[in-house]
Amino acid sequence: MHISRTTKRRVKKIGLPAETLLYTGERIKDGISIKLTAYDEHNFEEHTLKRVDECLPYKLKPTITWININGVHDPVMLEKLGESFGIHRLVIEDLMSIVQRPKCEDFGDYLFVVLKMLSYDEKENKIVPEQISLILGEKFLLSFQEDVKQDVFHLIRSHLRSGKGKIRKMGADYLAYALLDALVDNYFIILEKLGDQIDLLEEELMTRPGKTAMGQLYQLKREHLFLHKAVWPLREVISSLVRRESPLIHESTTPYLRDVYDHVAQAIDSVEIYRDMLTTMLDLYLSSVSNRTNEIMKVLTIIATIFMPLTFLAGVYGMNFRHMPELEWEYGYPLIWTVMIALGVTMGVYVRKKKWI
Amino acid sequence: MHISRTTKRRVKKIGLPAETLLYTGERIKDGISIKLTAYDEHNFEEHTLKRVDECLPYKLKPTITWININGVHDPVMLEKLGESFGIHRLVIEDLMSIVQRPKCEDFGDYLFVVLKMLSYDEKENKIVPEQISLILGEKFLLSFQEDVKQDVFHLIRSHLRSGKGKIRKMGADYLAYALLDALVDNYFIILEKLGDQIDLLEEELMTRPGKTAMGQLYQLKREHLFLHKAVWPLREVISSLVRRESPLIHESTTPYLRDVYDHVAQAIDSVEIYRDMLTTMLDLYLSSVSNRTNEIMKVLTIIATIFMPLTFLAGVYGMNFRHMPELEWEYGYPLIWTVMIALGVTMGVYVRKKKWI
Amino acid sequence: MHISRTTKRRVKKIGLPAETLLYTGERIKDGISIKLTAYDEHNFEEHTLKRVDECLPYKLKPTITWININGVHDPVMLEKLGESFGIHRLVIEDLMSIVQRPKCEDFGDYLFVVLKMLSYDEKENKIVPEQISLILGEKFLLSFQEDVKQDVFHLIRSHLRSGKGKIRKMGADYLAYALLDALVDNYFIILEKLGDQIDLLEEELMTRPGKTAMGQLYQLKREHLFLHKAVWPLREVISSLVRRESPLIHESTTPYLRDVYDHVAQAIDSVEIYRDMLTTMLDLYLSSVSNRTNEIMKVLTIIATIFMPLTFLAGVYGMNFRHMPELEWEYGYPLIWTVMIALGVTMGVYVRKKKWI
Amino acid sequence: MHISRTTKRRVKKIGLPAETLLYTGERIKDGISIKLTAYDEHNFEEHTLKRVDECLPYKLKPTITWININGVHDPVMLEKLGESFGIHRLVIEDLMSIVQRPKCEDFGDYLFVVLKMLSYDEKENKIVPEQISLILGEKFLLSFQEDVKQDVFHLIRSHLRSGKGKIRKMGADYLAYALLDALVDNYFIILEKLGDQIDLLEEELMTRPGKTAMGQLYQLKREHLFLHKAVWPLREVISSLVRRESPLIHESTTPYLRDVYDHVAQAIDSVEIYRDMLTTMLDLYLSSVSNRTNEIMKVLTIIATIFMPLTFLAGVYGMNFRHMPELEWEYGYPLIWTVMIALGVTMGVYVRKKKWI
Amino acid sequence: MHISRTTKRRVKKIGLPAETLLYTGERIKDGISIKLTAYDEHNFEEHTLKRVDECLPYKLKPTITWININGVHDPVMLEKLGESFGIHRLVIEDLMSIVQRPKCEDFGDYLFVVLKMLSYDEKENKIVPEQISLILGEKFLLSFQEDVKQDVFHLIRSHLRSGKGKIRKMGADYLAYALLDALVDNYFIILEKLGDQIDLLEEELMTRPGKTAMGQLYQLKREHLFLHKAVWPLREVISSLVRRESPLIHESTTPYLRDVYDHVAQAIDSVEIYRDMLTTMLDLYLSSVSNRTNEIMKVLTIIATIFMPLTFLAGVYGMNFRHMPELEWEYGYPLIWTVMIALGVTMGVYVRKKKWI
């Protein structure tokens, strides 16, 4: 379960002195991959590095340096990187602790942004969170991805490579915007998935409400809770970037960040709508169960109302009293049938009058 | 479904570089229509344009220029228009992406306002949203409608033509107010429709609550959610216009905008009231289902309470024991009838005492 | 229904140019009545006017002029009045549109206050809203009542006439306070009525919960919603008067307005308490229905538990097998009675052990 | 009922001119008692006064004067007192109207504080509110209690008399703090009572949920609502005293007031916790009723499932067809018993498999 | 019960003069233990003291002095300590009253912080709160623990002793941070425990919902309430430390405190998620009970629908009328069996068509 997992990871660190660098995720065997991209309007370089030291020369160049690191489980390497770029030890610690809440912190020389990317694991049918951290300086951007295998920013790299659009003409803050935009767009894929599932469940509830529907509804509610938890702090983060007086965010980038903010606001709107829909669907489900119980009770009552008096009557004339004049009548038997049919019809009419059929 | 549709449209753009102009609605074949209106207190011109270039001369004239564009699916044309009036590329992108959240942005030289107009499609029995965008400059107003066929502002154009009222004496901001006012008034038509449906459903729930009622209630809840989502951000938009220190909004127009704000506040009041009513109606429905189940159970229990003991008694005297003295009694049969009637009456009295009938 | 009526009235005006003066209430045949009161500490004049023009001379006098108008359906007259006192056209429009939300607007020379008065129509057993508007200037107060027949301010007029208290010594703002106070006091009558109905319903729910109770509960919830909608904006209105730096509100009047504000806060407290009580009563009702169903089920189950096995036993000895030795026993019949009674008692004990009786 | 009583009292005053002094409580026959305490670090005087005039000489003395008045139903006396100490007429009016909401008002020369004291009436088993008002000046404190018989401040008077602690060394504001502290402590007695009742009810719901439990739960909810209404405004009152820049509150007293504020915050915490517990208990109750219905239904269904087929079978062999070969079999009777027992056991096994027993 | 216990403790003090030092916990026999640690970058001293006076010499030394006191039930000792360090009497009073709400107060020379530490008592299976208070001065830190036996800060002491990390290089505020961090980390252990219990209960509800599940759910809700009450005020406390302009908090410590704040925010997120999950689980539970009742009703109705008509039919041919031609038919008996089987099958088909099986 996602949620208890979060607290478990946190628990790992208890009792250690502050600033101990400890990776809180599961052990990963794959190596860390470091991609360096240096560019300005006219130049473009791209390297896959083996060691952190190779970044250092780029710090002095006038180009913008983007270092993307997949895998945050190597304290030695991250510490070295932190020292080279003058990053606070607490930031490095937060990078490695992949249970951070989305947040944005201003350290003067650089901004530290932690975000969650959500992707949908089709095989296991669940939402998978990945922590993405950005460190934005004047001329550099460091990005850290939890997952070693997948690089979620390859599209942006290819935009940079092609040199189209204004991305190469603008600063590191615009690059940060581009990464944020890519991350936020991912939420809409998850939202669409959730929306589709809600629509499907809704149809099922309308046509054949059953036990499974409730299980699915519960599952959707959990997914929704998870999404809700991920999206809300995002708004604060982006909003603090939009409002930020940090000189690291140039005025020309603000409209773009405002655009990302609009997207987040829209995602939150959808999340809220989904919550209301799920709540309403629960009511729909409960009322449909009540309705079905009601229907079943009606059938039972109709059957009992018609046949109990008749069975009683048949029982009466099955008694063995010596003196039962009716039994001797020549037309006793047809008469009792007539009476019983009349009684049955009366009861049927009564039931119909009550609008039960 | 409206809601998943929104996220789907958004998903279309994922992976494209920022500022790509892409129309996110369904493909439209009809051409775009451009209507230009230039006026001041003494002059009035009206033209249907073929090409955007024809607008340019009006930029220099002292009259107020209103350009209304039906259809936002032609990137080339909108780009050209944007360049002529010095509009930011992101604004043009937002114009075309018809899944924007209502918002108001100040770009210094102009204000950019996105709104949703709601209309009721009688044929398909659902609320249809349409995105309307306004760009308000000192001497010009650009308005963009998603729908190619219908011009929602024709009444305002005819007021302009007639020259009555103060509309021709005031600036472009007053014209923007007039358009906003027309849009907001449309909400009241939708609200009235929803109110009528709620009143109808309420009566149905009071007289003959059933399965269909629940379906309708659910439908109304969804419509309400949709309306809620559309109306709330509207308040922020208008409120930011009222408070705006932008020199584009003249002081003389503020009372009018405040009036629009009052209308929006009233619409929100109604939406909130409707929500409470729908919630209460759900409770009413659920309690009525419980009540009916209760009623049915009563009938079943009454029948069983009266006839089970009687049937047992009849069964007793239907036994074939050789020595059953009662069977031989001369008045055995009338006696047992008496006993059974007495028992039945007793049970009936017991039931009545419990207030079940 | 109140609520859809509000939106309907609003819909009447759609498509008309802004500032069209249109009365949105039902057609009224009775004439408008105009009462002018001019007073200061030493003077007191009172007139019932036929035409608006007769007010004009009083504008120049040093006395405070209070013009009360019953009926707001005559655009010509109101327009004339507006012009004489320099009132903005939008204010006159709002006066006539009797679906305004309570609000307070500062126009510099005068304050415009819209309020709702609630009264209880004993005959039709419902709350009747009436829109009251005040225009407060330095030396004058204009008050407008929707209802032509009833003058809700006659008590204040008689206080003025008597000259007792400080009302004649203070300015027009104090008079406005007196009117507001009278209006707010009316809410407590409605609240008392609602409180009485809630107490009655509570008792009914405690002693004999039934179908009607649910209908009444629903009715009370609607009335409560209506009251809630009326009271909340009132707080904003009075609070904005208390805080107002408008020179029209003198410092000596502020404590009085604060007093009115306290009353409104108290009314809101009561409204909130009522909401919680109604919600709790719904829970009480639903649980009592469940309890009753439970009770009924118990009776049914007791009856079935006792008589089904007995009836079966009687059925066994009613079978016609040739060789049924028990039937031949001399004491077979008393024996079977013994068995059946023992069985019945056992079942009864079982039932009692389960605490069903 | 408390709540409707409040509105009823308010209704008494409707129609009277503002500032009419009217006592809104029930008529009280007992006389008003006035206790004057004058003290400083070295002096202490205590008197029970007959007439208000006797206070006047103390106004000029350098000692701190505390006048405590039990009973607020004598307008003449209060008016005189008000005049002597320069109190605004509205304050006197509020003193007498014992339905005030807790509040704190700054009149420059003095602060006016209205509070509710709650005590638990063991005999009638309900919470009894009493209005306590304080008027704090530079050298004097006036306290007003609604109840004539009981003096809730006698402990503080004895502390004053003893001269221990710092109370005699500090100003009138510290005395006010002492009174407030005493009042707030009373809330914890009520809270403890409510907590005990909740614990008791919880145990009852866990062991033997029944009809009475629901009634008690409802009763507790009402008491809770009442407490909630009383405690919340208290926070605002104390908080406004803590923040107050009024020179009447000396800096040395602020930590003490902050302490009272902490107590109130804690009381509010408890009230909120109780609300959540009561809500959860309602859910517990409803689910336990559902569970019991479920249990009962199981028994009914088990009985019916076993005996209905058996009774049918017995009925079959009770038929009087001439040619029923089974009836002639020598072992027909034991055979049918075998079949019936087998059937009964099968049904029993089925039922057990469904986990009903 | 925790909650009523809190109010009970508070009640103990009612009626006593302000600033009376009274320990509000249960009587404790074990002695108080005082541990003094004095350190700077180069020095480290550690002593277990017998008397408070022994602390005094350390006040003048340039090292940082940390005095940790286990046990707060000795007023004399605490008073002496308070006097030595110039602590306000109210602070000492709050230290001893172990029912304080978490808070942070600035007294100029020192900060006073009250916190709750939660630990899980495995034996009694419940959360145990312990009040921890800190007094932070420029060169000293006093920490007070309620529990006499257990020292929760022993790990930090060993970090100090080892001299690793930066803890010995920084001031008393950093030490305070370290203590706070240790306390907050404890919350995650509790949260993990609660998360595990929720996961377990969820599985139980999904597979075999029963009466016990409801009891457990209720228990979890109570624990959650308790946690909620403890965590929320914590945020205010830490946030006020982060924002604090007090010169006692150095700028270099702020990022660390912000880190603690992030942890608290994350804990609050988890608490909120748990609340939503518990609410959803209640819905799941209730709907599963309804579903089971529904299932049981189906079985009952199927049995009754099939066997009631059959039993009636058997009853008819068990009647003793003299003239019942069917009884004489040679194939009457097989015929009636055919009819009965046909009827049974028809009913079975009907039931299956209704999708009950």
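Letters A, B, C, D and E name the chains as they come in the text, with residue numbers starting at 1 for each one.
Following the convention adopted for this analysis, a contact is a pair of C-beta atoms (placed from the backbone, for glycine too) under 8 Å apart; a residue touches a chain by one contact, two chains touch by 3 or more.
Everything numeric here is computed off the predicted structure, so don't read it as measured data.
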Treat each pair of touching chains as one step and give the shortest count from chain A to chain D. 2
Could you tell me which chains make contact with chain D and chain E both? none
Using mean C-alpha positions as chain centres, tell me how far chain B is from chain E in Å, no decimals. 42
Between chain C and chain D, what distance separates the C-alpha centroids? Give it in angstrom. 26
Suppose each chain is reduced to the average of its Cα coordinates; what separation in Å results between chain A and chain E? 26
Among chain C residues, those touching two or more other chains are 286, 290, 293, 297, 300, 304, 308, 311, 315, 318-320, 324
Based on which chains are in contact, what kind of graph results: line, ring, star, complete or other? ring
Note: ring order chain D -> chain E -> ... comes to D, E, A, B, C
Per the touch rule above, chain C residues touching chain B in the complex are 1, 3-4, 6-8, 10-11, 13-15, 17-19, 88, 90, 94, 99-101, 103, 105, 107, 208, 211, 214-215, 218, 221-222, 225, 229, 282, 285-286, 289-290, 292-293, 296-297, 299-300, 303-304, 307-308, 310-311, 314-315, 317-320, 324, 326-333, 336, 340
Chain C contacts chain D in the complex at 155, 159, 164-167, 177-178, 181-182, 185-186, 188-189, 191-192, 195-196, 198-199, 206, 255-256, 258-259, 262-263, 265-266, 269-270, 273-274, 276-277, 280, 283-284, 286-288, 290-291, 293-294, 297-298, 300-301, 304-305, 308-309, 311-312, 315-316, 318-325, 354-356
